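These notes open a run of structures that come right after.
In what follows, chain A forms one complex with chain B and a second complex with chain C.
Right after this comes the complex of A and B.
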């Protein structure tokens, strides 16, 4: 966990004069990151996929809903580069459109998980006593239940669907963030600059947002990044067991789980969505790996 | 040591009871009336009310909760499945050994392959073996396990016809599920072991050991590995939880008749007692694995031992660094069983903190 107070803290409230003396932590991080070839490869991959998601309507050869009834369930050909699905819809178009759904799902559920973690963890760490105890025991319990199952139970409660899945994943994944934020808050709670902040009558909210959280930014950022890949994978896992995002939404996981029934006749329905999930996970993982080294150069030898 | 073990067991019981409570509460608030779902389409409101009374759904929340907890933890009865009409507990007890075996095999394969690969990579640090292993591990971490499972089925069952893709009739049926479940864990563990060994390699006591003229093999086995073990145990804990979660999806894909498949089948049928029961049982299974991990800590980490051997030092001063305990650790491990020898200099860490908050860098424990 990075507690680089000297470099980390002034980012939020930096005095211009100070910046000239010493580069900010984020600038240093970026510099280190740009030297890491693997991380840059990951970044390029992520940017390409995000770009594809944005311009999907302009580059897909067909609409994701158009059915080609003469070519149903066929493998890759020149007409349909990645084949068609069981309703004759062009698979490549669906996958490219799917990147919108999958990326938004990954990013927003990951963001929500981190956000919930920050809010609840800050409450636990800052107020201590019974709030802390209650929240931490809750985390103990939640961590004993595999996250897939929490997501299952939450999606049972909220029903299936796109945004519901995002919430289910976020709730299932927030306990890690809670622990992290809490530990971070505890570690700075008794530091002098917080005493100083209290002396000048800062409100609790302001102390948390302005003074505690900036210190916790780098592990949070890392957690957020790495989690996106996980979330996309978990949502696909949920689709496989009949929860989560369901067809006809062209989300990768939903497509993969729909293709599972036709694995014998047309394996391309399973192979390609998985390939896309794998690709985004791989890019995010190598980027995140580089980001970790860049944020905390002590770890890299 | 006994106190530590007892405390861990108590925590496990608390976690299991808490999980049962949490799951019951969440499922209680699931919208929709199960009685209506279960009744035929032409049922009158009176029929549905009778069904509700029969299922005990007309009772207030606290009474239902109390009844559920009493039945589950005193009578070990999880109720009857609504869809199947059979006892949930007996179905689960029949299936649990299979899931247990599957999870156990995954964990064994993960540990047996992952740790040596990581150590090997660390020893050949910077060489081609190391670099290729690390790139490969990144690839395997990113492969979604159900996709890998499906690819393996396509390759080995449908095209080559070597291995069965479903069932449990023979030992071959376990090969594909175990491989697809273990691969990501192996890659994860290998990376963590490598990082952990590399951290230890540069420690002063290793230099000292070498300076003494100790054989390289001895340095590795007596000084490096025992110290590198602790972070490895940390990540193993989260990997185990992941394995249990993974079996749910893998059982579905391989039609493996374990607890996970029972649960996913029940989800389709809105069979609440069955879903509840399987989640509670799987949570208990996970809690048991966590207990084993915690006990492994107790034996591997002299800080915990010392903390419980010397009762005046119970409360630590915040989170110290959990790694690199200083020279002599390897020997201390065996001799200080009675808690007389303490080689550490770091402040004892409150153990509940260390065991879970340590993993800021590990992959999430889903």
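Right after this comes the complex of A and C.
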């Protein structure tokens, strides 16, 4: 490093600092994120679970439907590492397969909730007046009822099933996203660059999609990650009362609730799915925390 | 101010804002003319209605709360206010474009600066993506920003560079009329000079007309051919640069010049105009400057004050102008 003798400090130091400024926001965020050990642990955990979900057919010792009628409802053994369920199906295989259903359920219902939130919230925030009023009063009504109750009502109306459950969870959880997007859009709406866009004849649709939403979305990104774990837990709750994902689909929540009748005789039926749900929630939450800090470093201090 | 064969002429423009049941009279019967290739300085204090006039010309006032309640704006003899909305494509960003006041907020922070220029080209032409990008880069170069900054985001630029990007955006289509809304207020003096130099250069090159909105009389003196002094949504004095600067007639204009800091020995204090703008919710009869006017006479508050032509082309809305 070149040192200016008179000044007595390294002059070259100014140059890399200038270059650093050129890095984009995402690159900086990723850099901060990669320094956060807890977030990285969460990321590794998520990646492992996603990997397991993808290669499930190749690593499971048994098919998730094959019944071993000689070994029904037994605890962990060398033959069945995590035991079998009441029909003699290998529990480990079912849990590994279940990661497919649970992850897809968590991610897609959370994505749908956030998507609905962004679309409806943007309409309310941008057009204001009666559109805003109507949408907000709907949100008041939805929020006055617990999310699980809404999900129950939707499942009752649309019937049971995997995708119905996803929609039920998304509709029950979208009002928070609507409010958040609306508030963000309203704070962006009076920005001068929107005036500027109007003076060059930008259409309203283009203004919303290209100029408002990118400036209003970062909290929703966070909401999306934090919500995934919640959705998996909610679906377990739905399964308990016989709604939501139905057997024989090996979804963790459904397995947990199916095992609750045997909690005294065969606790492994409840413990293992519970551990898996705990693991995914834990990994996603610490990753989400890290992501929030990385997106807005000021929050941490 | 009679005929309408001028390049731009605004006739009797009225703009109102409605806010919580109150009506705010922002622009009251404003008329002005501008010839092709000339610059008009629109001078007035905060809240006088300067920006509202500019936005009314482009018809981008937020409605509601704003509403154009009357008047005509002729561009080359055609009334802009009567045009259907889908015909405005030809005007906004193409024949008329606007430079905004604050470069820090007039650029979208999540879009690359090159894309923001390219967006305008894309909206107004059928060029291929390659041509669009080429044109945007060329425009960046012309305002003195290296084309390799195309992919930079606004936060990576300095204030002066941002303002130059905004100017580039306003000038892509060689507009016939440039509305510069306090283009240098947010910049320091050296950058101000740079930015004005760029605007002047392109204005001459494209033979554009310009309305320069400002409250800096120095900038008006350097850049404008005619001056309009606006007070409470009305033009109180209008004339050539020489008329208004050398022979200010309306007491408000006189007060503006008097309030400039002087450098004479013994000038310890500034000389502000006492009071503040009248309540814009009240549509009072008579002269709106009457309560603050040092020359106020009995007749001033009574009725409509006529717009008098003091000398050819020099108008003043006052009953007892200083001559």
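The rule is simple: the second predicted complex is superposed on the first by the 280 of 301 C-alpha atoms of A that agree within 3 Å, B and C clash if a C-alpha of one lies under 4 Å from a C-alpha of the other, contacts with A are read in each partner's own complex, and residues count from 1 in each chain.
The definition used in the following text is that contacts are C-beta pairs under 8 Å (C-beta built on N, C-alpha and C of every residue); 3 or more make two chains touch, one makes a residue touch a chain.
Everything numeric in this text was worked out from a predicted model, so none of it was measured.
Under the clash rule set out above, the superposition-derived model of chain A with chain B and chain C shows the two partners fitting side by side. Contacts of A:89 after superposition: neither chain B nor chain C is touched. In the superposition on chain A, the chain among chain B and chain C reaching more residues of chain A is B.
When both complexes are overlaid on chain A, the residue A:196 reaches chain C alone and has no touch with chain B. Applying the stated contact rule after C-alpha superposition, one finds that A:141 touches chain B and leaves chain C untouched. When the two complexes are overlaid on their common chain A, residue A:156 makes contact with chain B while staying clear of chain C.
Legend: residue contacts after superposition of the two complexes on their common chain; A:100 is shown touching neither chain B nor chain C. Once the two complexes are laid over each other on the shared chain, residue contacts for A:268 go to neither chain B nor chain C.
By the touch criterion defined above, A:277 reaches chain B but does not reach chain C. After the two structures are overlaid on chain A, the closest C-alpha atoms of chain B and chain C sit 10 Å apart.
Residue ranges of chain A in contact with chain B, taken from their complex: 1, 38, 137-138, 140-149, 152-154, 156-157, 159, 172-173, 176, 179-180, 183, 186-187, 219, 222, 226-227, 229-230, 233-234, 236-237, 240-243, 256, 260, 263-264, 267, 270-271, 274, 277-278, 281-282, 284-286, 289, 292, 299, 301. Of all residues in chain B, those touching chain A in their complex are 11, 14-16, 18-19, 22-23, 26-27, 29-31, 138-139, 141-147, 150-151, 153-154, 158, 195, 198, 202, 241-242, 244-246, 248-249, 252-253, 263-264, 267-268, 275, 279, 282-283, 286-287, 290, 318-319, 352-353, 356-357, 359-361, 363-366.
Residue ranges on chain A touching chain C, taken from their complex, read 21-22, 24-25, 191-193, 195-202, 210-211, 214-215.
Across the complex, chain A is touched by residues 55, 58, 60, 88-89, 91-94, 97-98, 100-102, 105-111, 119-120, 123-124, 152-153, 156, 166, 169 of chain C.
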